[in-house]
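Structures follow.
Across the two complexes that follow, subunit A remains constant while its partner is subunit B and subsequently subunit C.
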Partner chain A sequence: MAHIAGMFVIRSNQICSRLLNRQLFQCREKFKLPDKPEWIEIDPKALPPETVLDDSTIQLIERLSLVDFNNKEGVERLKSAIKYADQLCVVNTEGLEPMYSVQEHEELFLDEDVVREGNCKQEILRNAVKVEEDYFVTPPGNIPLKQKKLFDKEGS
Partner chain B sequence: MSAPIQRCKLCQTRSKSLLFSQLRYCNKSFSSSCKLNSATKHNQVEAWQPVIGLEIHAQIKANSKLFSRANTIFGGPTNSQVAFLDAALPGTLPVLNRRCVEAGVITALALGCQINKVSRFDRKHYFYADLPAGYQITQQNNAIANNGRFHYVQYGNKESDIREKAVTILQLQLEQDSGKSLHDDLDKQSLIDLNRAGCGLMEIVTAPEFHSGDEARSFVRDLRQLLVTLGTCDGKMSEGSLRVDANISVHKPGQPLGERAEVKNLNSLSSLKKTIEFEIKRQIAVIESGGRVINETRSFDLDTGETLPMRDKEVQLDYRFMPEPNLPPLRLYHRSDLKGAMHGDKVFIDDLEKNMPVLPQERRGNLMQNYGISMYKAAFIVTENLQDIYEELVSTRNVEAFTNFFINTVAARLLANELTLDQCPIPGKHIGYIYDQYKEENINLTVAEKLIDTLLADSSVDPKEHIRLENLWQINDVAQLTELCKTIIAENPKAVSKLKRGKDRAMNTLMASARKATGDRGNTRIINRIFKELIAQSEGRD
Partner chain C sequence: MLSLSLREVLHLIKTEQISARDLLKKCIERATSVRELNAYITETHELAWSQVGLAPGKSELAGIPIAVKDNFCTRNIPTTCGSKMLDNYVPPYNATVVDRLLTSGAVLMGKTNMDEYAMGCGSIDSRYGPVRNPWKYKFQSSARSSVIIQSKEGPTSGGDWYIAGGSSGGSAVAVATGTCFGALGSDTGGSTRNPASYCGIVGLKPTYGSLSRYGLIPLVNSLDVPGILTKTVDDAALLLRIIAGRDVNDSTTVSESLHLTDLDDQPSVKGLHIGIPKEYNAPGLCGETRRAWEDVANALETAGACVSLVSLPHTQYSINTYSILCACEVASNMARYDGIEFGHRAEGNNMSTESLYAQSRHEGFNEVVRGRIFAGNYFLLRKNYRRYFQQALKVRRLISDDFTKVYGDGVDVLLTPTTLSVALPYSKFSMADNRTRTAEQDYFTQPINMA
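Presenting the complex of A and B:
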């Protein structure tokens, strides 16, 4: 009795796996996955010329990103990263809308205008290095320079 | 085909002496309100055409912030209205406020903009202490609305100088506000309050179509009134609810546009005009002395309107815009897009359009069309929010006479007492009664003004009762007044003899005595006539 049940299980397993294989095969067909990896060699001549990083550019990038990389290793790493990204220039995107996010077709949830957060001053200030009368203390910001009056108000 | 109408580019007048060379400027001098040398004629200063574009940041009137549900009340305890997202604590995500979206759509509709049914959010990166995340979520490339047009009114020196002008609205976008920083020069530090960080702003970008500080100011004044009428912004510039950035450049007509400088965070109408005028003159002075205008951000002095360079003036900011990855596109719908099932959670443009209040520009036009009053008077009534009561009362009365009384007496008393009709609502019928009595010469103008003041102080007063109690009826009885005048003439021989010699100013003395004697209730027209008759009679006798 048991071995008949066993036979039955084995048989149904075989049917299941064959069904699964057929589903997989159909899936692959739908997504057009190749059976074997296909590798496209990029012609170096098709790439744009290597970007030149002069001192002023490096300083500007450091200032904008607040990342200190002005040493041999840092600059080399940046150059190779740019070169790697340059390969995207070879891709033909004519007539294609750019995709900004895989959530393109999700609904953007709109919340009701009700106050539900805030009122947690202690928690907000907990990580601050320096606090003064409940304000965050920071180095001085972009303050106007007080200049001597170079231009006569009434016009020259 | 006749030549197109040509007007002076600065003052818009058509004049026979117009110089029709490429210049198109007339021979008039500048008005005294312009700070340039008043003797300079328009055509001599043809050299410089100022070009100004504005970016207005209007704080959206909502209970909570744009992407978090913290409170937005002005002046709350420091850092007590800050959600974790506003402090850029890790692990937080933005959740869009429905009311802010609706406010943006309503404002865009009122500005005649094209609503983009799909819009996206972007990140604008820069480092500053009051921007905890290091970036601001805004809508740079695919904003909620583009291409609108707004009509505003510019006043001149005379009532008849009023002009309606229009400007193109390039873009309306939703964005986050930054926190507030206080600069402590003494201790060389800045103090940051994040209560304002994350509040919803509507940034309204105009085309560079303004040519003077006065035009810019007129535009902001009318835009502010529109936003307050719509209820999308409370317009309190002193609280920072409405801030203006101005982009200013100068060029010679026919030549390419000059380099522009930006002045940020102008927060009052008067400093807006002063600062723009100063910056125009500064740029002209720089160029004429051989220098070059630098593309930079400048700040300004509140009192004098002088602009000053800010510290990091050499570096061009690169904001490294990138799409906000945490937010899918914002979609807006018309009812016809989704048939059948209820979609309570979506924003429908039609619903918002249906519930829009009547706009100030439309009200102005209605008053002008229905009653034939001038644009100046219509603009005044609408600006002071008096159109309802005006329309209620003027329909049964002589338009010109009542309008003048309404503006010169009723509205004038309101302004003199620094009140608005919302603050002390006087029933329309009382104002109508006062006017009718004044028209029928039962009370004189001084009494009418006093009555308005009384009603402003206590709107429950019944004017008819009050007049009876205080005995304010005008004295029109000729016999009674003649007696009075005879007495006054007898008491003032000097003034009478002056009058006889032709010094008309002496009449004022007699009139003043008459006013005092009648307790300001005499009919001044009749009294004046009686004085003249009596004096003429006595001359005849002498």
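Presenting the complex of A and C:
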């Protein structure tokens, strides 16, 4: 009985071993990603100090942007965008040329100096909210934007 | 019928087993029933009926319904870019890619919803409301219980739904729900591939220069490409063949180097060298995405491809580079919106041009757009130009060189996930702001835009 049981145990061990080997063989064949992400930790000391934005810079950007965003929320957004962009300063780019376009090595075609379209005054004017005698209408120009001090305005 | 691929349905029309009119009728019924998902800003069903009448059966697309993202200009149809700024804008011309589709016989179902000015990765920042993912969506309207994608459980909390991805979310949902058989999107940092992945369809970002950008309202001129969304890769190839090629109106289009090949009926991947960039195994990659990535790699290896780990060392910095380049070009591109020749014009302001522009632009743009313009102008200031913009352009070269090297070393195809995680429920996604989410979800898709 013990002999038969022993045989049975040996037999089932052999079967298990074969199954295990097959499984191991399949595991060895399987492609596996590395367990940990390959990430270079940026040393905070290598980053520049947090940018301090003075009133004149904010007002200059507002005059360039003309979106009326020089309030507390807008400045906070800007600071966080700058902080994010500052991470690039750790990358060594010495001797490299800027890449303005992916097509820098392509020969792009030039257009022929031929008039192909025109005579579409009504189409051009129809999307303007204010038109007078076929002219676009604007208030007077050359008047600088009136700007308040930064923290006079809260919220948007 | 609506779950068939474009090629299958085209075959049915050309062999006269179904008519284009019947197909259009079914698509319109479907579009009406899934209106809750908010995929369309402007529906053009009347126009589609008139077009299907004119589309000859012999034309290449024979009356197949397609949808177009709302940042492509379409003649006499409002084109809003999801923004108040262009709420009243009706272009007098068609974008080239739209024109080529319509000339080939396609009919236009409508202009799809999107993040405002294509800035975003969830299609939730539109003036016209967010786009909802049809997967696991609980329709409010009782008529719609069996149409889509059944699931036993809905999203997490009552009234919640999954995001469709962005910024071409509307186009992706339009294709996924069967309201059309192909859609145009745009891809600047992943805006076609991200929603395609979340909605379970195919999203193709063609190589820069292969499709004309004439008529595509620009976000970042050096990165934008019109994208194609379809149910199958075969369909995407079919549409690409129709709309690709040189355009006299866009001097950045190239056709000499454009090679479109046909695959065998039983394509084989034996001998194909597939690269797995190890830097894409990024912090935050969710378990499900990681497993799917490994499973696909193994399936390809079993089919005879050679799969190996490769390195794109500057991947980690690409999202920062993208954020700078995007902000700078946006600051320049958005300067055209002054409300004078077109677009939203603030009322009651006659003080000065600058004051009028500031008010119109403040009212017309949402915070995301304003924030990017502001940041872009900061990076472009004379004192910052070299430190930010030029540095970003140099890092761009490093990123591009990484890809060139890997392909030069014999890799044919790179296999990567599309996003860090699966589609998030809206309640979770909206807990972080647009900039944070873009930094997370655009992580994998934007490096190749820059290269």
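Keep in mind that, in the parts below, the second predicted complex is superposed on the first by the 105 of 156 C-alpha atoms of A that agree within 3 Å, B and C clash if a C-alpha of one lies under 4 Å from a C-alpha of the other, contacts with A are read in each partner's own complex, and residues count from 1 in each chain.
Criterion: a contact is a pair of C-beta atoms (placed from the backbone, for glycine too) under 8 Å apart; a residue touches a chain by one contact, two chains touch by 3 or more.
All of these numbers come straight from a predicted model, not from anything done at the bench.
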Regarding the shared-chain residue A:Glu38, is it in contact with subunit B (first), subunit C (second), both, or neither? second
In the overlaid three-chain picture, which partner chain does A:Cys120 touch, first (subunit B) or second (subunit C), both, or neither? both
A:Tyr135 contacts which: subunit B (first), subunit C (second), both, neither? first
For A:Ala81, decide between first (touching subunit B), second (touching subunit C), both and neither. second
Under the stated touch criterion, which partner chain does A:Ser101 make contact with: subunit B (first), subunit C (second), both, or neither? both
After lining up the shared chain so the two structures overlap, which partner does A:Leu64 touch, if you call subunit B first and subunit C second: first, second, both or neither? both
Between subunit B and subunit C, which makes contact with more of the residues in subunit A? C
Show which residues of subunit A both subunit B and subunit C reach, each in its own complex. 60, 63-64, 66, 100-101, 103, 106, 108-111, 116, 120, 123-124, 136-141, 143-146, 156
Residue ranges of subunit A in contact with subunit B within the complex: 60, 63-64, 66, 100-101, 103-121, 123-125, 132-147, 151-156
Would you pull the subunit A residues touching subunit C in the complex into a rising list? 29-34, 37-40, 57, 60-69, 73-74, 77-78, 80-82, 84-85, 87-89, 91, 93, 96-103, 106, 108-111, 116, 120, 123-124, 126-130, 136-141, 143-146, 156
Subunit C to subunit A touching residues, read off their complex: 88-90, 92, 208-209, 222, 246, 248, 251-252, 254, 257, 276, 278-279, 281-283, 285, 290, 293-294, 297-298, 301, 307, 309, 314, 316-317, 320-321, 323-324, 327, 331, 339-345, 349-359, 361-362, 365, 367, 369-371, 373-375, 377-379, 381, 387-388, 390-398, 400, 435, 439, 450-451
Quick one: which bits of subunit B touch subunit A in the complex? Just the residue numbers, please. 35-37, 62-64, 68-71, 77-87, 95-101, 120, 125, 127-130, 181-185, 188-194, 278, 281-282, 284-286, 288-289, 298-299, 306, 308-312, 315, 318, 320, 323, 325, 327-331, 345-347
